[in-house]
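Lettered A, B, C and D in written order, each chain numbered from 1.
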Amino acid sequence: MNNETASKETILEIRDLKVNIKTDEGTLTAVRGVNLTIKKGETLGLVGESGCGKSLTSKAILGINDKKCKAEGEIIFDAENLGRVNLLSLNPRGKEIRSVRGKQISMIFQEPMVAFSPMYTIGNQINEATLLHITRDKKKAREISLDVMKKVGIANAEKRYDQYPHEFSGGMLQRALIAMALVCSPRLLIADEPTTALDVTIQAQILELMKSLQKDFGMSILFITHDLGTVARMCDRVAVMYLGRIVESAPAVEIYKNPQHPYTRGLIGSVHKIGTKAQERLFSSEGTVPLALNLPAGCGFYDRCSRRIDGVCNVYDPQLVDIGQEHQIACFACTGCPYGKGGKEEKANE
Amino acid sequence: MLKYIGKRMLLFIPTLIIISVVIFFIIQLPPGDYVTSYVAALSAEGETFTAEDIAQLRLQFGLDDPWFVQYFNWVKNIVTRGDFGYSFEYGRSVWSVIMDRLYLTLAVSFVILVFQYGVSLPIGIYCANHQYSVGDYALSFIGFIGTATPNFLLAIIIMYVVYVNTGEVYLGLFSTEMLQNGMRWEYVPEFLGRCLIPLIVIGTSGTCGIIRTVRAQMLDEQARQYTLTARAKGCSEATITYKYCLRAALNPVVSGMAGSLRTIFSGSTVSAIVMNLAIQGPVLLTALKSQDMYLAGTIVLIQAVLVLVGTLLSDIALAWLDPRIRFAERG
Amino acid sequence: MALFKKKTVTDESYYLASQWSLMWRKLKKHKLARFSLGLLLILYLSALFADFIAPYGLEEFSSLYKNTAPTRVYWTDEDGHLSRPYVYKLQKINDKKTFKVIVSEDTSEKYYISFFVPGIEYKLFGLIPTDMHLYGLVNEQGEVDRSARINIFGADSTGADIFSRILFGGRVSLTIPFVSAAISFFLGILLGGISGYFGGVVDNVIQRIIEVLSAIPSIPLWMALSAAIPPGISVSAMYLYITIILSFIGWTGLARVVRGKFIALRKEDYVMAARLAGVSDFKIIVKHLVPGFLSYLIVDLTLGIPGSILGETSMSYLGLGMKAPATSWGVLLKETEDLVSVAQCPWKMIPLIFVIITVLAFNFLGDGLRDAADPYK
Amino acid sequence: MRNIKKWLSLALAVMLCMSATAALAEGATFTEAPFLTEASVYGDVADRLPVASDVMVEDASYLTIGTYGGELRRSAGGGNWDAGKPIEEGLFRFNVSGAVEPNVAKGYAINDDATVYTIYLREGMKWSDGEPFTAEDCVWFYNAVCLNKVDGKGVRNCHKDANGDPAVVEKVDDTTFTVTFGTPKYDFIEALTVDLKWHFAPKHIFEEMVQAVIDGKDEEALAAGKAICGTEFSDVAKMGKELLYHFWNYPGVPTLNPYVLSTEEGKNSIKGEYYEFVRNPYYWKVDTAGQQLPYIDKIIYTTVSNVDQQLMLLLDGTVDYQTVAMESIPTILESETAINIYEWSGGDWGDVGTQLHFNLNVADEHLNALFNNIDFRHAMSICVDREEFAGLYSDGWLSGGQAAPQKGNQGYSEEWASKWTEYDVDGARKLFESAGLVMGTDGFYDFADGTDFVLNIVSVADNGAADTYKILEPYFRAAGIKCTFKDSDRSNIDNDLMANAIEAMLFPVTGIGDISIVLKPNSMVPGYATNVAWYGTMDETTATGDLLKLIELKKELDVTVDPDKREEIALQMLKLHEENMWTLAYVEASSTYHAVNARIKNFLEQGVWSDIYRDMGIAHVQCWYIEE
């Protein structure tokens, strides 16, 4: 946790991001107005269960979401070459966004086994970003790649460079993937559950690696996970996401000490008290986020919330509210209804 | 890799033996033999035969042996003397008959193969990149019509339309004039024009299938994680399409190539009759009908061997294209 | 501590639905597939009810209507008033000078189009004897007169109604692919399964057989096999032979796919588990392996059907398929194989439209099925 | 052969005419085609022709004086007779009116008892390679080739006397040879014209090869054969037949024909995509203006694979001449190319496509008895509505008919031509019953013992029989006859014929009938050869009744030399046919239609299509010329 390096300078600011997905049954709003800021050198953890929209948010930053997804809102990035620019306003296939991808913002994906094309050598695929953004000289690019590979702890890098993905173990592939993401020294690294697919010992190694690399490269990290334990290890700040919304946001220490939102508390509870059946259910398939197609009015967590206030939580939509110490929360139970009657009301669709 | 090729080559030999037996068996399966068709053809011209004549002919053509003896002799001569037997119909050695049309046949088949892939790869890629667009539907539709219309009918329709509009009948690859005077530079445009109809007719029958394979494969590949990785790296869409997706999508396309060759051989037989192409197909059909069995057998054998070699080559190409296969075979 | 209440899932059925009903749901959303399915349903129904819908039988020949164009239907009478639709009978003159057969309408009597008129007798579904046909002509006195014809798609060289022949031909052309696909299906699964599941020598032998069969061009195979068809057999027997010939060639591709799937699936944990639990090989294949890729096979099958339809037309062209008086679409298309037919009787190509529609429909349906069968899309 | 009798008596009385040089204008000089002049290797045309008095003049009244040059463009299915018959030159030939006239021979003489024929040749006549054509070529051909069966055919019937012994052929001088028979042979000349046609081969080319064959030196013979034509033959029998019987098909074999196959590579194989026959510079016929024939320089052939393609090439003007099916005529007349259609009559007994033949020697006892029962055949004939059938069959162009000599041919009688043609299903049923059939419960006739009667009809594939059967079968079915149909390749059919495995045949391998039963009785007599499909393998050992009589009559005809007697026998044979109606036909014979590009002149507008007349050969292609 590099509190010292965390300056006031914002590198990325997400304002009211919405991601709509066209499906056969209609348009589904999967991300429903997310606001986030990431500061230089900071690690922001984005936490939430599967399908809450955290991956969509991260992909929206790079503009690499599926064609069916449409992002609205603003994602302001402090780009080296373009200045402060709304990434969403750029053509997702255009040159400008591509100059940002890989070079200034890069991404680590959850499953290293499928993140590489089986057809090309690891070296070839790591090289690609270097060749695109830094140098056209293949020899130089190779040197850069080898250098990064060594940095991420790939032993025998020279030999590994010419091997194919299927010759790598999962952990090794994840290292290669990190090397690929870091090869251009990006200013922002998005790590989308980088350790989920790996076993525990490897997980720890990778996380340590990322931490040390962040120090070396001085970059910001958006760390996406569903695992609060990891967040505690990695992040300066944490934003908790539920059903396409940020429900709580606070410095990492604060959130562990003083979780406010019932969902966050549940999450933390589940970390602390593994084995409690009722809480396990939260992460079981049955208890996943409801289909976002016909969301009922009110708080998305209403159905599952133990502290719900009938007549408020199922009628009004809670917004993020500052509760001090950079701690924000969207919950009527914790903050009281900020609107009163005539607030933002959504009728149930039933 | 070499070991893999070697292993495949070894497997090639028993396959070849089985295939030659099967072919010979199939060819002599229909009732009657060349003598009966020979007698029939000449009877039609007013000649007369007696039973002794016919027995004599059979003896002369070596057709009174059981089929496996005939097979054995045939293969023995191929192996020991490179002699594929004698065409009763042409009164010449089978090999010389085949040589008449071999180059043109190979050229036509090759051009069609290139045409099929040359047309369907870009279209398949386009359709995948523009899934559910008007262009996608339109091209698929045209492709389907090409596939769904039997070759012979498509050939007749095209020839008729051309005839009605230009008054010209494009039969065969060479006009009478070309045959009379030999090929000259001034005939090249007309020759190319003549090539077009067979190309369309035989080509389209397989094109649709390849387009669909390419399209489906491309769509599959586009949905894979590594395209996302590449995109996140800042790769252009072209790089993603051609370097990543296409490369992976080529696998089934390549492995289908030998099958395409076989379809071309069969497809061109029917079309070549309709369009009067001087390629092997019609010769094969007549040979099959008139029980000119060594000729028919040799042509079928050559085609089958070409398909087998095609399969072998495409398997090797596959191994070369896909490192996973390459390494699996190595290990 | 009950922090969370159980989430109530509004549409429980979505999660509980079987694979098949999920496929069906997805399929219903695929517009083109749905449309194709509807189209195929119509085609199959019209083949089923061919006796009833077709105004004429296959052997209702007429020298008067030989090679005549689609019958012109009049909607207005001489004064231009809207009228009950009617047609005129034809008359023919052979012009010895131009060698042309001049066909004209005999306007002396009108023949009205009428529904549910009696015609030749048939047995509906082979059971119920009746002579009722969907439509036909009646003369001005309201009596059925079968000397005048209404051929909406024109008539062939025997004066038979092409529309009726298309319907009857559909019976053959729409079912042969199914039967032959079923045989291919069986052979493919059986041999591909054996090959993939057991591996080793068995696999090698089957692979060689497949290799040999798929290397031999289809024409000699067809010729040899159809030469083996004895003379004087009935239409249904001929039908059987053709399906067998077609499927004999068709199974190899499927067997390859099945084998590949088996090899992949063999390594799956649940198969291993079943094995360890002492389940017999056959049971494993039938209970565990086959359902694992059945959806794939169904798709493969759907996409293979157009090939069989076209195979049947090719066989007919080479004179190896169905023969008159039996009718199939291939037989109908063979009748357009010469220039004179194309030039003088273009309506004889109408069956082609049906072939194309069917092939398209099966392909789109297959597309839809493939999308539906793929849970990740 | 309407006036054959008149002609024969004339032949007996006079030593026959030299050819009609009188038609040539007095003092006319011979001229040649610019094609030959330009080549300037052939020398003076007069030196190439026979002596002036022996030059043959084509002087048929319908001919006009033509101009030289151009190509006659044809398409071919690779059939060798198609190219051969039009250019064939025999010693004698039939003219348009059906009379035999001298051709290669200048004339002949016959002794009183018709045992010795003296044939006179044209003096100074040359082979197409410039070597002299003499009596030696004729005598050698008979003695070396025919007597030793080197050409695969051997001694033809025309050379056999009443005892079946071969004639003796001797050379008298360079232009004269004699043919001597052991017994009188009145019909030698016409039989020669039908059976053998030519009576010669270029001895200077083939002597060595033929001698090697006779001596059994196969290798040597094959080498000699290859040296002649460049083709490697598998065996001497095949080679002999090809080079001496199908000789026009091989480059480098000299002929007397107006056109010879090109020797140029790429144009010299009749199995190739393209081949051409070029004019014979030594051709021995001239027109009435003294111009050496032929007018047209070349006949070029483009090989096609089917009739439809021939039609297409005709339509687009790439091909000048083609026989065509009637239904394609409207399309032809509509095309932009100016094409004339000419109708020729033929000799078939009813339309071949509707001829139904029963195997009277079928192995099955029931069937045998049935087919030999006249009532059955009668019933099979009258159970078809001929007018409707003919309408369906020919779209109204032909009327119903019967298997009988057609109008204008020998043996025609209106009575016969319309015998058993009245449509009468009830009558047919009665006749079936009187033929011993019993109506079964299934609505079809069975044999008296209750076994199923099924009429199994076969035919050759791709000849339209399937379509004919399709419209014929409902009539049979309506009359209570269950039948099946299978068409298969010609070779299979012939195989089955030889195995006597065929019961009935529609559109047979060879139809019944020709323009003259006297000249060509083969196709009217059972068991004569394999090509007589309709009687299976019947011969006199199995035949009974009228059939036996027919066979005996044919044998008698073979050895009868008196023309009156011959005609009498022929008429008796016809009478037997008329009485028994062994073969049925349902539609009158169709004509042969010739589509001729309008630029071709001198086409024979009204001819007779018959193998005896060498089909298109009687149109004398050497007299055609091109006028653009």
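Just so we're on the same page, contacts are C-beta pairs under 8 Å (C-beta built on N, C-alpha and C of every residue); 3 or more make two chains touch, one makes a residue touch a chain.
As the structure is a computational prediction, the values presented were derived from the model and not from experiment.
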Nearest chain to the global Cα centroid? B
Identity of the chain that, by mean CA position, is farthest from subunit D: A
Go through A-B and B-C and name the pair with more C-beta contacts between its chains. B-C
Between subunit A and subunit C, what is the gap in Å from one C-alpha centre to the other? 53
Give, as an integer number of Å, the spacing between the C-alpha centres of subunit B and subunit A. 54
State, to the nearest whole Å, the distance from the C-alpha centre of subunit B to the C-alpha centre of subunit C. 27
Hey, how far is the Cα centre of subunit C from the one of subunit D, in Å? 48
Where in subunit C do residues touch two or more of the other chains? 227, 337-339, 343
Using the touch definition from the top, which residues of subunit B touch two or more other chains? 30-31, 156, 159, 274, 289
Subunit A: which residues touch two or more other chains? none
What residues of subunit D sit close enough to touch subunit C in their complex? 307-308, 311-312, 315, 326-331, 333, 341, 388, 390-392, 395-397, 454, 456, 458, 461-462, 466-467, 469-471, 473-474, 484-488, 492
What part of subunit D is in contact with subunit B in the complex they form? 73, 81, 153, 231-235, 237-238, 242, 266-267, 271-274, 276, 300, 302-306, 308-309, 312-313, 315-316, 318, 336, 489-496, 498, 509-510, 522, 528-531, 611
Complex contact set, residues of subunit A against subunit B: 59, 62, 64, 93, 98-103, 106-107, 109, 111, 114-120, 125, 128-129, 132-133, 164, 166-167, 177, 180
Subunit C partner contacts - residues on subunit B that touch it in the complex: 11, 14-15, 18-19, 22-23, 26-27, 29-31, 141, 144-145, 147-153, 156-157, 159-160, 212, 216, 223, 259, 262, 265-266, 269-270, 274, 284-285, 288-289, 296, 300, 303-305, 307-308, 311
For a test of understanding, state which residues of subunit B touch subunit A in their complex under the given definition. 224-226, 228-237, 239, 243-244, 247-248, 321-324, 327
